[in-house]
Structure formats: structure tokens, C-alpha cells
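Each remark here refers to the structure printed beneath this line.
By letter and in written order, the chains are A, B, C and D; residue numbering begins at 1 in each of them.
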Amino acid sequence: MLRLGLVGCGAIAHTHTANIVNKLKGAQITFVFDVFSAAAQKIVRDYNLTAKIASSIDELVNSEEVDAVLVCSRNDAHVEPILAAIKAHKPVFSEKPLATTYEDCQKIVAAEIEENQRFLQVGFMRRYDPFYQQLKQTIDGGKIGKPLMGYCRHFTAEPATNYFETPNMINDAFIHEIDIIHWLFGDDYVSVQVQYARQNSLNKNDNLVDPQIATVKMKQGAIVNTYLTQNSQYGYDVKCQIIGEKGIAELPDMPKLEMHSVGKIYHEIDHDWTYRFEEAYQLEMQDFIDQATRHEAPTGPTAWDGLVAALTADNAVESQQSQQVVEIKLPERPVLYQ
Amino acid sequence: MLRLGLVGCGAIAHTHTANIVNKLKGAQITFVFDVFSAAAQKIVRDYNLTAKIASSIDELVNSEEVDAVLVCSRNDAHVEPILAAIKAHKPVFSEKPLATTYEDCQKIVAAEIEENQRFLQVGFMRRYDPFYQQLKQTIDGGKIGKPLMGYCRHFTAEPATNYFETPNMINDAFIHEIDIIHWLFGDDYVSVQVQYARQNSLNKNDNLVDPQIATVKMKQGAIVNTYLTQNSQYGYDVKCQIIGEKGIAELPDMPKLEMHSVGKIYHEIDHDWTYRFEEAYQLEMQDFIDQATRHEAPTGPTAWDGLVAALTADNAVESQQSQQVVEIKLPERPVLYQ
Amino acid sequence: MLRLGLVGCGAIAHTHTANIVNKLKGAQITFVFDVFSAAAQKIVRDYNLTAKIASSIDELVNSEEVDAVLVCSRNDAHVEPILAAIKAHKPVFSEKPLATTYEDCQKIVAAEIEENQRFLQVGFMRRYDPFYQQLKQTIDGGKIGKPLMGYCRHFTAEPATNYFETPNMINDAFIHEIDIIHWLFGDDYVSVQVQYARQNSLNKNDNLVDPQIATVKMKQGAIVNTYLTQNSQYGYDVKCQIIGEKGIAELPDMPKLEMHSVGKIYHEIDHDWTYRFEEAYQLEMQDFIDQATRHEAPTGPTAWDGLVAALTADNAVESQQSQQVVEIKLPERPVLYQ
Amino acid sequence: MLRLGLVGCGAIAHTHTANIVNKLKGAQITFVFDVFSAAAQKIVRDYNLTAKIASSIDELVNSEEVDAVLVCSRNDAHVEPILAAIKAHKPVFSEKPLATTYEDCQKIVAAEIEENQRFLQVGFMRRYDPFYQQLKQTIDGGKIGKPLMGYCRHFTAEPATNYFETPNMINDAFIHEIDIIHWLFGDDYVSVQVQYARQNSLNKNDNLVDPQIATVKMKQGAIVNTYLTQNSQYGYDVKCQIIGEKGIAELPDMPKLEMHSVGKIYHEIDHDWTYRFEEAYQLEMQDFIDQATRHEAPTGPTAWDGLVAALTADNAVESQQSQQVVEIKLPERPVLYQ
């Protein structure tokens, strides 16, 4: 039974904890920490955990009762527990984004290189989604030939919060495509551009430009457009269509009953992400648990993937200012991540 | 320009006349007849025809200004103009059903055999529908192996008229499947059974049992179930699914825009048959015109097909009484129709 | 942690054990029994169980280290451990069919009535499938009006074994529809008929009539046809289409990538049942574990459902002889199962 | 019977002539002209026309036996017969593109303005396609709210000719989207950009960059991306997806049998455009004939639409050089075309 230390006890910590307690195998949470101790107490109570409450990140990470660390704290507070875990040679799972600055990402990558070992898995759960997995296998298997272009939709029915503003369209929405597209294509980005389309009058947030179109280009020439809205009204709709030299492969709609009713042949589409990605959240965490239990380095998204995403997102937010193309100057990929 | 004599000037005559005038090539209506002369006058006026009004069927059929005959009169009045046309060696198109009694159908078949030539095309327009055509070719081409079973839906949103009663479900609806199924399977019926399913409380006609399920068996063992309702509420829905030894072939839905709206991914389904079968009505008549113009025997549904449908429908109506299986005693197929 | 005693250690026992060990929460197998002790030893070894091997069913069922019993033995050996568990007031999960004779089913029902309590859950896992669940809710919610008719396909690509013979089409395939259809319609069967369609020449088993069509009628008049083949060639295809007073609800295809390739727009269909129903197997067992842990009576398929299925299947096998309708004389539903 | 004079007797002239002779109503070709008289003689012979062969465009256009003019000559030879027809106040149908230079388009527009009347219909047949028609009505009817973004595919399985080079991707392929997109959105273009994606190694033409992505922006902010390839390999695939404030409307696939076979659920996609657009070619010409017969100005695509397309295409070809955004400086729309 893998003993997990949980840093940060907010919403996403509850999601992971619920899964660990109710769905996943082989792990228990033995230590929790939150800067607000009430939050730490609450999660212990809510899930009836037999866990201690740590008084510091250091205490938690270095405890002999902690085999691996989950980082679910605020985005700008990821770096401290991650660095501590790497130093302690303990497997660490961090929610995305890896950090809020490119510099912090570089520190984390440097820390792993220093130890010459990978400990970190970043929570880009889409890579564990069975349909993205099929897409990756289909591309890698050559079924559509080399991938040349892509078209993605990342639509939510309504903004997650009132505080969802223009840069959030990159940092909280497009960030998922940033991670998944270069993984699918097996290539690196050379540029990103964000353009504003005709604005949706049903968008009620003055600080949110909606919709936007983000375009990435890759070294081998592939171009992918991602259409982004937080106000689709009709539902949660994540699509990814990859066009190759001899065919197209595309994510399916989520299965629902096929209905004939009132002049329509239809199936329903969900309002939010739960049904679409709940399995991916479980699969990524089970994989982390299983690999940590076997003392293997995580094979999921790495610190380097986190750095790539952070840099690309920074450049995309920069592009939002001018709506012009921004070049992405990615350093050479370190040997540890090849 | 083929000169057509039109017998019977009711609703379906208007459909054919509108097509001949507005859509089809190579024919004009030069003579019309109706037992109600006002109906004859009306159709001439409505379509601005340069046609004479005949005072009898004989006058029309035998006129030197008539090359071929269209029979759109009441179902029980088809036999007279058809026999006259055969005797006059003129191509004749008759609306379905060929006649209202099996005996009349036998007379028509006998008349053609007497002349040792085929003159008649029966208006089973579905055989001209592009999708039934694809289905026939797919089966005959061996793509699904030998056809073993079938499942059909023949649904209308609401009854065509207040006078649509229990036997009409056979004579006006299932009659289409009767003709199309043995054609698709290339086989003859050995029995038919009609069963009443749980009744639809939204059906407001006390003289109509709705829904019904009609089952036909064929000599080589194939079984096809056709589900019949005049009260689907949701739309006009004709489906035909043929299950073969190694696959299934099925009619597509009619194409409509793919929509994402209000929590649904949908396309519309029509309320009535117009869009579904208007092309088939045009194609059957154009084929009749073209073959008559070339002095060729019609290759569409024959008098024999009309007789098979009449006998099978009679047996199906008989089955409605008991809901038991009724054996179909089809005579041997005459050489003329092989 | 619920302590389970496992009776019978064959193929389906391995499926459940793998799930309990790798996927499900809250249970461990503490005792196993098989008439072949090698099979018992093997399952302990294969899954590294910390379980004792019982020398008799009685020892296992009545052990203080067993909270609940899983019956995965041969179909004709279900009754003994089930009766023992009921007598011991322990929750018991039995694979379908409940028993191989109607008399044995009656004994089990009588035993629960004697104790005036339900202990048994029968392994009709389809009721836990999310799509059958949606179908049930859609019907019960009135979205399609009252259900009037149904059309099902139960197709496998090829026979599971060389020993799959004509009656197996009922007892091992149609048995699933028998259970699910009366549950979906909320009604009881009054008759069943099995007919043989045109035979598939690709079927290589002389003792297997393939395909067959099974028709059930229910008290309120609904009729459902199930098309059955073990030789679809193209894949594993389970469909269920329910036609109501104002609409149709139908199981979806399992989601797969949408592909454009080589002149086709397609998605794949699986060769076997694994992907289609693996989740249902997990959900039924988790539900059993959770309810047993809470000392609640199981709410899944009951002994009565098992008896209904056994009686209907017996009648269906009888119908195979004559291909005629066989009346189903179901006794009145005992109060315990209302 | 409308008497048509046909200028230019090449491939597209044969398409229109075949339709006029075999499918359409109310017109006959009475005069033909081609700079190669053999081509004129051939078309008369092939379709058994009772038509005279003109010795000059002027003779044909001004003949008393010509009521309306069809221009099917080489693209750079459209302007002469069009100007002659306008001067003669005769309805004129011209194949797209209207002309090969923006200046020629301006001359044609000026000629109509001079006569203060519209005579010309340009052969952008997609506007007559029933599905683009549905899309237009759906948008205009407000079903998806205001249109904000679009995604189009214009894919052919293989290049139409060996001479299909990089600029042809604009002038012969994208030209259709250029016309249809501003019509669908009811807006004017402000810029166009053409980018080259990763190149398809199966493209065997060194003078063809393939694939390309063309992006147009409109005054009200809408952005539409069109993915263009002449080497899809898998088939002819024209899609148009319009994303509005509250929903998406998208062209359907062309209907084909739904098949289950060899592990796939599929329908076929055609290899070329014939099935997709043959009806549109017929409908545009029938509309031209009907309006000319009624002495009404054509309501199809106008000279102004031809000019807009020519200017946008010129700018798109310019963008191919740099792959940068090119501003489109469209003059104000003349009153005649409002």
C-alpha cells in the first residue's frame, strides 16, 4: 500500500482523494498539508482518512510515512514541494500547470537533471484518456500517414468561474491542447498565434475575449488550429481531428443513447467535463501509484512536458496582446527527457 | 415526344403530371379521362396541358394521339384501362396496387401472356429509390454474403387520412415492403403473419390497430420483420436493414445538417414522405417514358410483381384476423416473367 | 474489508477475482473452493491471494472468515452453495443462470421466502451497463412514451466454443435479453417463440442452428424480436432499440475513433464482448460488495429474476423444437420480490 | 422554350449541355460557338442538337434566335461574350471564375451599372446545393445565433490534372469557399492568409504545395479556416462547419448505405465531386433558365460576387508568396448589387 502525502487540499485535491479512496487500488493518504489548516482538517474528515496533518511541506515530504507526494496546491506553490520531493528522491505527482513561471519550470527540470533521475509526473490527464490514446496509437501506427494538420475544439458551455478571463483561455483551457498536440505529433512547436474571432454577445464577462483561435506550428511544418470558447451554450465539446497524408482520425463523441424524438435523430452532449474525462483522472493517478509502488520512474507527462507547456502558454498569452505570431524558443531537450 | 393518355385525375395523377410537366423529359399528356369530367378539366387547367378530354377509356387508350397510358384511377378501376392498353399493345403504367382483387391481377397477367409480351409497369417506386438500388446492388454483389434476415420500419408521423384503418396498414403501407423485400432477397414468400403489438394510446382512430408487426418468410428460409405505425409522432421513418452471412447493409437516414444545439447533437427527420421518395417517383416515370419511347418492354415492376403483392397483401389482411401465420400459395412464375 | 468465499474457480471466477484484486474496492477473497483442488490452488497462486482452500462448500460458507459468497461453479452446481448461504444469512452472488432447472430456481426462491429476506444477486451484469441504465431511465422517464415494441441484435463474430450448440443460443446468449427486456419494459412475459431464419453457410457447427430469431410478448402487449447469431463474422454487436409511443431509444455503438480512410468513413467494432461489458462486470460486483458491506439486501437481479429467466429459457428451448409459440406460465410474483 | 447560345464547347460546356438536353426543362441550345470549330461541331453531334454554328461571338449573342447566353469558354475569354450580352440586354450565365483579372471583373460590373440592370449569373453552383441552402437558412434563421467562426475542408482524392499547381489551389479549389463563406456570413472580407502546412509526401507534383490552409477574416470579426488538399487519398470531402453564438451547423456527409462489415461500421465516401454537386449544377442552370424565361434578372451569384471572388483570390495568391496576411481592399458595394 503506497503511502501518499497530499500537499494542498482544495477542489482538485478532493477529486483525487475521492478517487484514491473509492476507485483506485494500492494507495492511501497518510499525511496532508495545507496553508489553511482548516482545509487539511476538512479533507481528512470528508473522506475519513487515517492521515496526519503536517505543519510544513518539509515535514510531510520527508516523513518516513510518506512514499510519494501529491501536489495540489495553488499553481504558484507547486515548485516548493516538487523540489523537496525530488531532493528526497520520492515520486511526485503535480497538478498542471507545473508552475506559473518558466523560471520555476527550469528549476524543476534542473533539479531532476542534477539527480539524473525523473521523479515527477505532471497532471496532463488527457494523455491517459482512452480516445486520445487511440489517436496516438493510430497516428504512430501509420494508419493515416504522417500527420500534417489538425483541428481542435475546446468548448465549455459556460465559464467555470466569474474570474475566467482572457489569459485563462490559454492557461486553463488551451494548456490541455498545448500538451496533447506536440505529444500526438511527436514534434516541437516553433510558433504560436492567438486570434480573436467575432465576439459572442452571450458572453457576459467584460474581461474575457471569447471566442479565440490558437494556432501552433511545429518543426516539421504541421499546423493545428484550436477553436476556444467558454460560451458554447450547447455543451462541453472537446474534439481533436488529425489530418494525415492519407486519412483523418478524430475523437468520437461520448456515447449516449441514439434517440428519435420530436422531429430529430439525436444523442445528448454533456454540459461539463465530468463524464468526458473522469476516467482519465483515475487512470493517470493509478499509473502514478503503480509505478511508484514498483519504484519505477513515472512514464507519464514529465517535468520537461510541463516546461514546454509553460513556455508555449507564456508565448500564447503574449500573442493575445498583438494577435501576431510569436516564435517559441524552446531550449534543446535534455538527454534525461529523450 | 411520347404522347401519354392519363386515366384518372386525382391526387397521384397530379403528382405525376407535375413531374411530367416540370421535371421529366420527353413526354407530354395529350389525352385525359376521369369519370368525373370536372376532375379531368381541372388537371388540364392546373398544368396548362394541351390535352383532349376523352369521353371513355376506350377512346383514350385507342386514340392515335396516345402512345402510352398512365393509370391513376381508383384502385378498383385499374384493371379496365390496363387490359385495354395491353390489347392495344401500348405501354401502360399503373399506380399500385395493380388491382384490388387477386382475380383481377390474374386477368392482367393472363392478358400479357396471351400477347406473349410485357406492356405494364406497376408504380412500386421504391425500386427506383437510389438507396434501395444501392441495397440491391450491395446484396447482389455479395458484399454481405447471402441475405438471411431483415428488419424494416415503416413509420409515418400521423395517419395520412381519417379513413386509414387496420387493413390500410397492409394495403397502403406494408404493400411497399411486400414488393421491395422479395425483390431484394431474390426469393418468393411462403408465409406471412401480422401481429398486433402493445397499442399506442396516442392513436386516435378506433378503427386502426397501431402498431403492427408483419413477418414474411421466404423459400430459402429468410425472415423479415416489418414494424408498422401510423403514429410515430416523431417523423416519417422508412428503414430497411438486411443481415447477411458476413455483414449488414442498411438504408441511411436522409441527409440533413449536423447540428450542435441545446445539449444535443442532432439532425432533423422529415415529417412526411416527400423528401424521402420524390426522386423515386420521378425516376420510375422517366424510366417508363424512356423505355416506351424506345419501344422496349418496361423493366420495372411487372404485372407479376403486382400479382405477388396483391396475393401477399390479401394473406396479410387475412392474418390480421387471427394474428396467425398464413401460408402464401403463389402459382408458378410464368415464363414471361422469369 | 468484506471477506469473500469463492465457490468454483474456472474462467468466470478468474474474471471476477482479477476485478476484485485489481479494480474494485472493499473486498478480499479469503476462502476458495473447487471440486478440483488444483483449480482452487491455481487461482490462489495466480492472484497471489491470502486465501484458505476449503474442503467443502459447507466449510466455506459457514466459516467465520467469510462474510459473503461468490458462486462461480458449474451451472448445475449453483444451487447447493446458494441454499447454504441463504440458510447462513450471508449475501450471495451467483453467476447466471441461477440454476439449470426450473425446480432448482423454485427451491432458491422458496428458501429466501422462508427466511423472509433477500440475500441473492444473480449475475445479469447488463443491468449495470451504463447504456442499458440510460435506456431504463429514458423509458421510465417517459421520454419515448410507453414502450410498445423492441428490436435487439445479439451477435458474436464467431462461436465462443466448439460446443456452442442450438440450445446454447438460448441459454448462453438470449438469456441476457430475457433478463433485460422484461426489466426494461417493467412487464411479464406471456409467450416466447424461436424461429430459424435462412441458415448461414459460414457456420461450421452442424449442431448449431444459426441464425435464430426469438420473439417475446408481454402482458401489456409489447413484442420484442431478438436476432441471434454466433457467426456475424464482422464483430460483437449487441443492440437494443425500444420503440415507444412517441419516439425510439437505442443503445449506442461503443465509441471508437472516427476515421476517414480508403474511401470509407468508419469506426471500428470490437471482435468480442470485453470492451462492451467489462465495466458492467465491475459495477455489478462493486454494488454487491458495497451492499453486503452495509448489510443491505442486494438491489440487483434477484432470485425471482433468475427464476423468470430460467422458465423463459426453458420455454424458448422448447419452442426451438417446433418453432411455434410457447406460452409462459409464470406463477404470481411473491411479495418478497415486489 | 428558351433559346440558348453557347460560347465555348469544352468539358464544362458538355456538362451543362447534357443537363439541358437530358434533365432540365424549358430550354434548347440553338447556337454554338467555339474558337475551334471542330469543338462546336462535336458538341452539336454528341447531343444531337438542332443548333447553328456561329462564326463569331457577336453573331451568336446578337442573333434573333438566341434569348440568353451561356459562357463556357476559357477563363480569360469570358469577358467578351459577357460584355456583348449585357450590351444586348440578354441574360448571360458565365462559368466561374468571372474573369482572370480584377480589371475585367470591374469592366463587367461597370457595364451592368451602365445599363442599370443585372443580366449576369456566375456559375458558383454551391449556392444551389441543397445542403449549403439549408446552412444559409439555418444561419439566417438564427438557430445557432450569430456566426462567429468556421472550419471548412476542401479535399479531393487526387489532383484533377497534372497541371494543377500551387495557385490552382486558390483559383480552382478555394475559389468555391471564397464565394460561399461571405454569402453564408452575410459579410465582407477584410483579409486573407494562406499558409503551407507540413507537406504530403504522397503529392507527386513538384509545382504543387499541398496541403495549404487559407484563413479569411470578415468585417464583423468572424474567422474561417479552410483546409485544402488535392491529395487526401481517401476521397472527395467538402465540409463546412459554422460555429455560432449558441450552436454549430455543419454540412452532412452524402448519404450512403450504413454497413457493418469486417470489423467496421462504415459508409462509403465518393472519389470525386459528381455525386456531391451534380444536383447543384442542374439547379443553378434551371434557375437561370426559369428566370430568363420570365424576363427576370437572375437572383443567383452576381457580377459583384464574381468580382469579390476574383479580388479575394488574387490576394490569396499573393499571400501564397509570403504566407503573410494580405489586406483585401474591396470597393464599396454599388447600389445595383445591394
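Throughout what follows, a residue touches a chain if its C-beta (ideal position, glycine included) is under 8 Å from a C-beta of that chain, and two chains touch if they have at least 3 such contacts.
Source: prediction; values computed, not measured.
Touching subunit C and subunit D at once are the following chains: A, B.
For the interfaces B-D and B-C, the C-beta contact count is higher for B-C. With every chain reduced to the mean of its CA atoms, the largest distance from subunit A is reached by B. Averaging Cα coordinates per chain places subunit B and subunit C 45 Å apart.
With centres defined as mean CA coordinates, subunit D is found 39 Å away from subunit B.
Touching two or more other chains at once are residues 232-234, 246-248, 253, 260-262, 267 of subunit C. Against subunit A, the residues of subunit C that register as touching in their complex are 22-23, 25, 131, 134-135, 138, 143-144, 246-262, 267. Subunit C makes touch with subunit B in their complex at residues 145-149, 151, 195-202, 211, 213, 218, 220-223, 225, 227, 229, 231-234, 243, 245-248.
Residues of subunit A touching subunit B in their complex: 232-235, 237, 253, 260-269, 271.
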